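Labels A, B, C, D, E, F and G are assigned to the chains in the order they are written; within every chain, residues are numbered from 1.
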């Protein structure tokens, strides 16, 4: 075996505790070590993905006790694919923010990179863990680093956004504790596989209540509809790369947790419909709200929420095609939205207010960035030769297969709304006159590399979607097969 | 108006919470084949740790503890990021005058005893209630007493960073040692000894001592950060 | 022996009520802090009695921690009231 | 019986302290009340046979939570509805201009 | 108004060693009290921990040195404790009388007196003892003037107050420290 | 019932009565400083004797309880002293009868004016 | 104590729920930021009490095999909720500390603690 899933958590923590010490020796270490760690995590996850193709799911046991007793980490095709995606994005975010704004000072850079690295670690842990309470701990790690990163810029509004996030996060964690405790008192275990196995013994009311508490809690991180009040503000106020990391990494992990709980742990009847309805509401409300936003990052945030709603709709269809489409959507959204945030934050670099009107005429001054933003916009709308097209196509065909014609219609109509607001920005970039008081800032070379590699992925997968579809199909198989998940974990004892 | 809506919502929530809890019998075992019995018997027979809570916190669910230590580390980091200031502001004293001489000498007397109590609590983590977090908190509270009563008392920032980093790294390294020697992270690599002896439980006692130092350093850091902040 | 403990507990419960009234009524901050301090002392005695009732030596650690740290809690508030903080 | 009554009394006291902490306008008193809550909670944990948790609650609730709340009060304002005087003066100046 | 803190004065080597040993002894005793047993492992750990701690805290923990262990001083210490306990019990009965009588026979006031004690620690002990003895509560100590809240003021004259409140304790404390 | 147990029972009963008296004193006394007096003395002795009484019941626990007693006896007067000083600094002066003595007031407030707090 | 268990059940669960609700009420309706944080911490306390109460065993003793209790494993209360609460308390403290530092910073920028006056973003 080339490594073990536990290294995904152990190595970053070791590095995080090491960084303050090494920073005393050479200040540049605080920037370099997180990058090395993230690169290591990427290499590790890729090699583990290759390993599990032939050897099957890895169930890693911690502290030598088999699954119902100890905590276990599961590296299955599904969680492995997500881990690879997250670590890749984390590496790109690190690359992009290597010299971003305030990071050039030593003290802020130290905090920024430690928090960023641990945010990625926490998300990876959320995806890998097979224990409910362990998931709570990782959610807290992600949330606290999120609060710190959101209020990273010393501006007046960033603290407000972070406080809003903190309030919702604190409610969420309390509710999650209640939910976990209800499950524990009924079933006497915290292991997700064993809970799934014993779930039929549980009283119906208890089941419903615990599911509600847990879904409310995870829904806060996953930006489901009534609980996503924090997201636009946080995305607006956080540094640009952090917005990308939030939408690309944290939310993905939370959606994973949501899906894992509904698909694997519970056997409730109405849960899929719940996903479908909540996803639909989220999608429609967010896309409509995005239409009238005046700030660029706020618009992107609403778009991101809408895309997550779309993924939930796809999960709510409940068939294998639906899951496939959802995973594809999550994958493409993570890549494309990161590209949009990366390039967008250079288009409105010097303004704290980040209005859309500040991008006027930037196409002339920052041609490559503007071009990349346009590419991302086209891709996320779902224009044919790009990556987003295939994911949306998969979703539509899955919906059509399940005879949900209304759903197809709604998605198509809302997609037009989406196209309108993105094309409006593109129009401003290229065909408007530059405002006198905005001055463009050239992207650094690192940022350029990060953006170009994302754009390359968008294009390559747009032309050859088969590169990833095999992987995603296996992941979808893995998620749908509940019995195998339980069997694999509990046989480890 | 908002108050009444909230009150109504809370009444509904309270009703449901209460009805859930009344379904759970108080003081009776709720489930037949829980992991509780496994934890109790293996902490006594295999790990030889008399405090089962410690066994759970450090060994069976030691991963949670690692995460928890990380959460404290993160919140200290995030706080100093949130209350960020330019360098020259940091040095200013935030305690205006020392306490009366009686309290000063009283605190001076009491401080080593408090630290000793903290050390006692985390050394005996596997025998009696308490452990790393509690001991670390007590030590940090003792430092807080000194900070409050003496105007000029201070701990070197670098020393705190050293203690914190080294303790945290040793925790992870012990975990990795378990991984490389026995095959799973945080597994016990030392002999376990006898039940109810001070030197028992193998690696558990060591981890709790490390956690104690780390938590103490982190909490002192948190107190420093927030104490030297002038609004 | 248990009857004596019950007697002590009941008389301490009455004491608790008086302290609580003072806590709510207390015109100045000082009165409330005194009430807190007295509550801490009552709590320490109560913990010691409870640990005798449960026959567990190790519960005394909690009383020890309260006996030592309760003082620091009062000092913190006193230093704030003094205007030193 | 007496034990039960004592437990009920301290439960009542705890809930009372919680209500007091929420209702009280003076934030310092609210913080002191939260200290009372933490004290009683710790005794309850001991009665429910959880000395570890009681010790944790004691260690954290007595001094550390109090100090961070009190420093926040020191850095901001002590009363719930109080506004900063500086800001008022600023506004008055603005109006005068 | 406040004297500068004097806790960081340089000490001679001999005093340092003596104090270190005293601290070690005291902390070991406290450790035995914490553990409550004389088990060998516990005792060894306690001695080691107390040694390290008293080495680290040598500049802080400076109440007393080995000279305190002289038999004469120990005798006075014991006498002090006995006197103190008697006064404590007396004070409680006094307090009970005041609290229980419906008329609340009190006449509070703040008096001051001067004390001969030199070291801060002795002053602290005296203040504590005063607080716990009948009807008095020490409010502040500025240099060597004690300000005492007296629940039943007999006289505002410092000399009389000193005689009433603190004379016994101080005579013993001077002999001890 | 052995002699130790009788001593222990006596101490516990006396201690709890003193704790009660302390609480009553806190309730009844007219001003802050008198309350502090009642609160400190009675509760300190009460807690000490309750704890020592338990120590007589269970001789194995005696050492630890003794340490606890010492800590309580050491720290309780300190905290009440700190509180008294702090409240004086906040210019809350003790209630005195007509012509009462207040020597510390001059230290805090050399002019002798009285302010409301 | 065993006889009155059902009274105790209602009382302890009731006060845990009461703490949760009081904390929630404070966090949702109060205007002062510090009050909101205080409400959150009270709510956390309620949840911790609830968790411990759910793990309680009638006539049980603490899950510590100290001298004299080596063989009473079947009378011991459930240790898992205690371990979970231990973790949760420390995490709650961390979150409270971060929240209070955010409060200080909000005050620095806005000169007020009233949440209805801090409205640069849409709430």
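We take it that a contact is a pair of C-beta atoms (placed from the backbone, for glycine too) under 8 Å apart; a residue touches a chain by one contact, two chains touch by 3 or more.
Values in this document were obtained by computation on a predicted structure and should not be read as measured data.
Think of each touching pair as a link: the shortest run of links from subunit B to subunit F has 1 of them. Both subunit C and subunit D are touched by B, G. When the C-beta pairs in contact are tallied for C-G and for B-E, the bigger tally goes to B-E. Centre-to-centre separation between subunit D and subunit F, using Cα means, comes to 24 Å.
A straight line joining the Cα centres of subunit A and subunit F is 58 Å long. Centre-to-centre separation between subunit A and subunit G, using Cα means, comes to 30 Å. For the pair subunit E and subunit F, the distance between mean C-alpha positions equals 16 Å. Residues of subunit E found to touch two or more other chains are 30, 34-36, 124, 127-128, 138, 140. Looking at subunit G, residues 8, 12, 18, 20, 25, 33, 50, 53-54, 56-57, 60-62, 64, 66-67, 80-82, 86-87, 90-91, 93-95, 97-98, 100, 102-105, 107 sit in touch with two or more other chains. Counting only residues that touch two or more partner chains, subunit C has 12, 16, 29, 33, 54, 56-59, 61-62, 64-65, 68-72, 75-77, 79, 82-83, 85. Contacts from subunit F toward subunit B in the complex involve residues 71, 74-75, 78, 81-82, 85. By the touch criterion given at the top, residues 51, 53-54, 121, 129-131, 133-134, 137-138, 140-141, 144, 219, 222-223, 226-227, 229-231 of subunit B touch subunit D in their complex. Contact residues of subunit B toward subunit F in the complex are 99-100, 102-103, 106, 109-110, 113. Of all the residues in subunit F, the ones that touch subunit E in their complex are 18, 21-22, 24-25, 28-31, 33-34, 36-38, 40-42, 44-45, 60-61, 63-64, 66-67, 73-74, 77-78, 80-81, 84-85, 88, 94-97, 100-105, 107.
Of all residues in subunit B, those touching subunit C in their complex are 94-99, 103, 107, 110, 113-114, 117, 121, 127-130, 134, 138, 141-142, 144-145, 148-149.
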